[in-house]
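Structures for review follow.
Here come two complexes built around chain A, the first alongside chain B, the second alongside chain C.
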Partner chain A sequence: MTTTAPAVALPPTKPAPKSSTRRADHGEGRLAAVLLSPTFLVLALVIGYPLVSALRESLYRRGEGLDANGFVVSGEHFVGLRNYTDAFTGAGGSRFWNAFGNTTFFTVTSVVLEAAVGLAMALVMHHALRGRALLRAGILVPWAVPTAVSGLLWRWIFDANGIANKLLGQQILWAADGWPAKWAVVIADTWKTAPFIGLLTLAGLQLIPAELHEAARVDGANAWVQFRKITLPLVKPALLVAVLFRLLDVLRMFDLPYLLVGNQKHSVQTLSVLAFNEANNLHYGPAAAYATLLFLYVVIVAYAFVKILGTDLIAEARAKTPARRRRSATRSLAGRGTPA
Partner chain B sequence: MTTLTTGRPGRRASATRSGVAVVLRYFGMAVIIVYCLAPFYWMTVSAFRRPSDQFQLSALPRPWSTANFSAVFKPDVGFERALLNSLIVAGITTVITLVIGTVAAYALARLEFRFKNLVAAVIIATSMFPPISIVVPLLKLFTDIKWINTYQAMIVPSLSFALPLAVWYLASFFRQLPAELEQAAMIDGCTRGQAFRKVILPLAAPGVFTTAIITFIAAWNDFIIALSMVNKKDMQTATVAISRFTGAYGFDQPYGTQMAAGVVVTVPLVIAVLTFQRRIVAGLTAGGLK
Partner chain C sequence: MSRTRTTWRTSRTAGLAALAATTALVLAGCSSGDANDKASTADSGTDRGPITFAVGKDTSGALQKQVDAWNTAHPSEKVTLDELPASADAQLQQLQQNAQVKSTAFSVLGLDVTWTSEFAANRWIDAMPASTSTSGLLPAAVDSATYRGTLYSVPWQTNGGLLFYRSDLLTAAGVKTPPTTWQEMQADCAKVKALPQAKGASCYAGQFDKYEGLVVNFSEAVQSSGGHVFDTDGNPTVNTPQAKTALAWLAGAFKDGTIPQEELTYQEENGRKAFQSGKAIFMRNWPYVWDLANKTDGSSKVAGKFDVAPLPGLDSTGSSTLGGYNLAVSSFTRHKTTARDFITYLTSDSSERANLLAASTAPTRAALYEDRALQKKFPYLADLKQSLDAAVARPKAVRYGDVSAAVQDAIYPVLSGQAGPDTALASLQTKLTQITSQP
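Moving on, here comes the complex of A and B:
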């Protein structure tokens, strides 16, 4: 994806042992191929094949149709891009755009909320003197709850006679179609995954050398300035990686809308739910088209995110000891002319 | 929040400000704990109410009752079978993933070869793949080859998300081990394979174990694959079984029973996670950051 970008950064960060292993490079390449082949074989089977198969499937449609001579043919027949054009404009058009809109809405709202809540959590945890273990334990609980169970749990909380309405003193019909249902999904998703962002961000916070804050304090920077000029820029890489993970995860959201509200509910139907419903009705062609479009959407979002915000995931994949991280963090701070 | 950023742990702050900061700190911690645990608490409390008290919204059940749990384990519900199915699917997925993933992760972490960046990119890209894009074509394939309602129909698609995840975490664990260890072993006459088996693998055991937990939880929590690939009741996994509970007591939505089943499914995970919390946090952050 960004194979060129890390290559530029490669030489200075490369660890020393390379020279000593130069002789064995050829053997290492072969060994690497042997070691990696089972993984790639499995990935080809469970991801490569479905990807190609979905593409092919999306060009077909099951059911009765008329062949060139006007005979009725049942079974699958080739329809070209009709499944796609139908998704955009035809009979299924409004459903597709609705699902697309919902998916986008959930992605943007949940991820923004989760990043804000997660960052706040990380800051609190970072400054907790005692009880950090307790906090960490608490924060892992939402992460461990299966999403399906959390969907049912929130369905119960948001029941018309449930605890949410009682606490709010309102009579909101959360599970009915409409905006409350959307927010119910967003809240449930934020609950479960903001702690995850908090954990990743906390790890980033802990890599910021204390001297930076001290120096800033000596120079008279107040807490807010320190947060904006030191904490935020330095924690940004960790936060962005977490946000990217979440973005791609929310784009494929299925369990929560399906269980919390219902799979036929217009207002929370995501692209995953739509494709699932179509496949369940044996409309494999349109289902495959929706699934393929979702896949493309994920790819575009991931690509745009990495391009625009420069989250160098591939560089992150290379060896990076904590010490080196810390140094590069310091360096990047020193090298910054204007605040990001 | 801004006041909190002033006092770094172990640093001296002015006396008055530090008083405020301490209060805010504990307040922040309390908010986080409540935020994380309140819904879970509500699930547990709701599970222990009598089914007739389901809509009683008091903080503690009055009286306590295990009727919901008995309802979950009534013979005709088949929940034990569902738990067993979940265990089989998640367990086998984890084992296959670890066996295949460990060697791949070692190659990524330790060997120098061409296209390494590309390989890493492909693996992380596959972990972004939406499950529905796998489920739709595989559903059709598995229908054709009569795999619907089998364990392999759930295990094989689960590999799609479990394997990239595991390779990613394992590689980051392997990278944390000093390269000198295996170099020393190889100087002492070990082949690379022996160095891996006898030096790296034992040292990486905690990392492998952590990856196993994370992978197992991911597979255990799967819903969409099990929902799609199985329509026979005795092949359902626990997550699907809970979602299909029908009201044993005449409510249209059997919340009490579902909450009880939710507790049964979640509590073992929570215990495992809390027991190994240090490792899991290390694993999650290492996988995310390195």
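Moving on, here comes the complex of A and C:
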């Protein structure tokens, strides 16, 4: 599967011969290393340390058992992989698989919905001539609302006597433990983040030269064929980046289930919520194990996504950036001239 | 292009260096973890100076006034009010985190009654000195402040459930006294519902969402039918005929519509709103509702049309679960003498009276409930006292969070009709035994 857009992508640049410039590079590289070292130190502190620390925590347990006087036995003890095996099999096994299932369900359904709605939004924003600026600002509002606030807003909407039930003419208990709760979360998440996909996709849409569509029209292609054969393939790189971001985000979903429905309800418990609950009850070892498993899951999904769909998103983006910048600059200049 | 390549290569070396640095940090972190287990309880008695008071949001502003008064009287032992979030979960989290790192940031802690055991068992709070007087305090509240026979905190605010009822509708239906049993309540409901002005009203509102409130309401039902969730030794006793009767009643009430299905999403505020808009005839709630439901600014349709009574039970008046806050001294703070003096000040007769007047928080001093002037201002005080006298503290489990989650997991499916009471209680018994027994 290829994602290099025929019209936009530059011909692949050949790597420069290494040997001729090696010496100069060496000095430069050393300087770069020195200049970058503060950044790496900060990264090690704020990313590396917590990560390793959580890994270590997941191999320990503490605060279990009371002594004769009713005090918690202090200190922690090494339990090896028991926190992990318990997560998969033991008493907590069903909880983990339930949370794992929910996380996957939310990821698949909300990302699919968001991509569809976001793409539609982008097309509307791209084609709208009148009030384009207003439309764009309007569509962005949900993305600007903090998730915690939108969680509370949707909580009112999905109240037993809320507007959702009024409109539907039904008495659905959205906030009770069950399928409606799952859908409440999916709907709220889609509302909030479809604009994000929409905006990134819009940026991709604006890179497609108008001549292509013109030529297609001349050749007699209808709107659907144009969309399928020109718009979609050319906008795919931008769309894929947006979807990847959303995938990584939804896998870690916490605030919406927590605020909208409640952290004890199994039907919306995600892995993040599960880890939070465990940590809240002072089971730091199991909490760290859940968090690590979630981390691995995110890594695997991201890797698979990049491998299967995106070939090499990052390198491709890097190669394209200069060209894109020039193009979008001329675009926006040209755009200013047209009546909005 | 070649430049990007080399930067990439060197950045890899730098990455290795960073990794090494991280490893060093982690090792340092490991060794510091076990070093400070010698949390001293040394106490000189003249340990005075500025302290802080960490407690949930002071919504009425009454607390700040009391702190200001203390600060004027004790210029060298000033107290800083450290307001924690309004939600109990968030409060607990902050207090736990501070205790975990043995932070000296908080001196006096405002602990929900369910947290005292956890904080005491983890040695996060100091035991109160044996000389601390508890006379005049409500016995149930003192019990909630005690862990394994030792007083670890002083009861400051208390709370008990009350049955709010529409006195106007009951009178119109010819019911003279509020119900004392569940059956009476259901019979009264039937009579009231026959009235045209009670059209569309539901019978009973409680807190049945899947959260801590469900534990409270379930425990009250069990206690009100003569059972206990935990016995006096702290062993779970939920697989009993009494508990089964209680749960069967709740499940039946959901089935026959006494409690509408939507209450599976009800917390305190949902119930209050339903009651205030005239949609519920009876409601179980905390005393704070009294003021709000009596507001005549249009927010309440039932101002002056309701009254309160102790909770109903199976055969006679029921029993409430105890809520409220206890004050404790952090093990890690400096100036513990000042901290203890400040607790004495806040739990004094006059402070609690001021708190009741300003924020209508229920006091822990029994004498205040008999005070004529206060009774006149808060007509529900006598009923509340009766409720508190019969109240039972929630289980004193060190792992209370686990206990609460287990109860919620077992009871909620029964109320929503997805599980039977008997099997749910049997498995809850096993689970609670597992949580509370010492491994």
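Things to note:
Methods note: the second predicted complex is superposed on the first by the 270 of 340 C-alpha atoms of A that agree within 3 Å, B and C clash if a C-alpha of one lies under 4 Å from a C-alpha of the other, contacts with A are read in each partner's own complex, and residues count from 1 in each chain.
What we mean here is this: a residue touches a chain if its C-beta (ideal position, glycine included) is under 8 Å from a C-beta of that chain, and two chains touch if they have at least 3 such contacts.
Since we're looking at a predicted model, the values are computed, not measured.
With both structures placed on the common chain, the touch criterion links A:L200 to chain B but leaves chain C unconnected. After overlaying the two complexes on the shared chain, residue contacts for A:L43 are found with chain B and with chain C alike. Within the superposed three-chain model, A:K265 lies in touch with chain C and out of touch with chain B [touch as defined at top]. Once the two complexes are overlaid on the shared chain, A:F96 sits clear of chain B and of chain C alike. In the superposition on chain A, contact of A:W156 is made with chain B only, not with chain C.
In the superposition on chain A, A:V141 makes contact with chain B only, while chain C stays out of contact range. Counting the residues of chain A touched by each of chain B and chain C gives the higher count for B. Looking at chain A, you'll find residues 15, 18, 21, 25, 28-29, 32-33, 36, 40, 43, 45, 49, 53, 159, 161, 280 touch chain B in one structure and chain C in the other. Within the complex formed with chain C, the chain A residues making contact are 13, 15-16, 18, 21, 25-26, 28-30, 32-33, 36-37, 40-41, 43-45, 48-49, 52-53, 56, 63-66, 69-72, 74-76, 91, 159-161, 171, 173-178, 262, 264-266, 277, 280-282, 318. Considering their complex, residues 1-9, 11, 21, 25, 28-29, 31-33, 35-37, 39-40, 42-43, 46, 55, 57, 100-101, 103-104, 106-109, 111-114, 116-126, 128-141, 156-157, 159-160, 163-164, 167, 171, 175-176, 179, 183, 192, 217, 220-221, 223-224, 228, 239-240, 242-243, 253, 255, 258-259, 262, 265-266, 269-270, 272-274, 277-278, 280-281, 284-285, 288-290 of chain B touch chain A. Those residues of chain C lying in contact with chain A across their complex are 1-7, 9-11, 13-15, 17-19, 21-23, 25-26, 29-30, 33-34, 37, 89, 92-93, 96, 118, 120-123, 147-148, 209-211, 261-262, 264-266, 270, 398-399, 401-402, 405, 408-409, 412-413, 416, 434, 438-439.
Interface residues of chain A facing chain B in the complex, by the touch rule stated above, are 1-3, 6-7, 15, 17-18, 20-21, 25, 28-29, 31-33, 35-36, 38-40, 42-43, 45-47, 49-51, 53-54, 57, 120-121, 123-125, 127-129, 131, 133-157, 159, 161-163, 166, 191, 195-196, 199-200, 202-204, 210, 213-214, 222-224, 226-227, 231, 238, 241-242, 245, 248, 251-252, 254-255, 258-259, 271-272, 275-276, 279-280, 284, 287-288, 290-292, 294-295, 298, 302, 313-314, 316-317, 319-321, 325.
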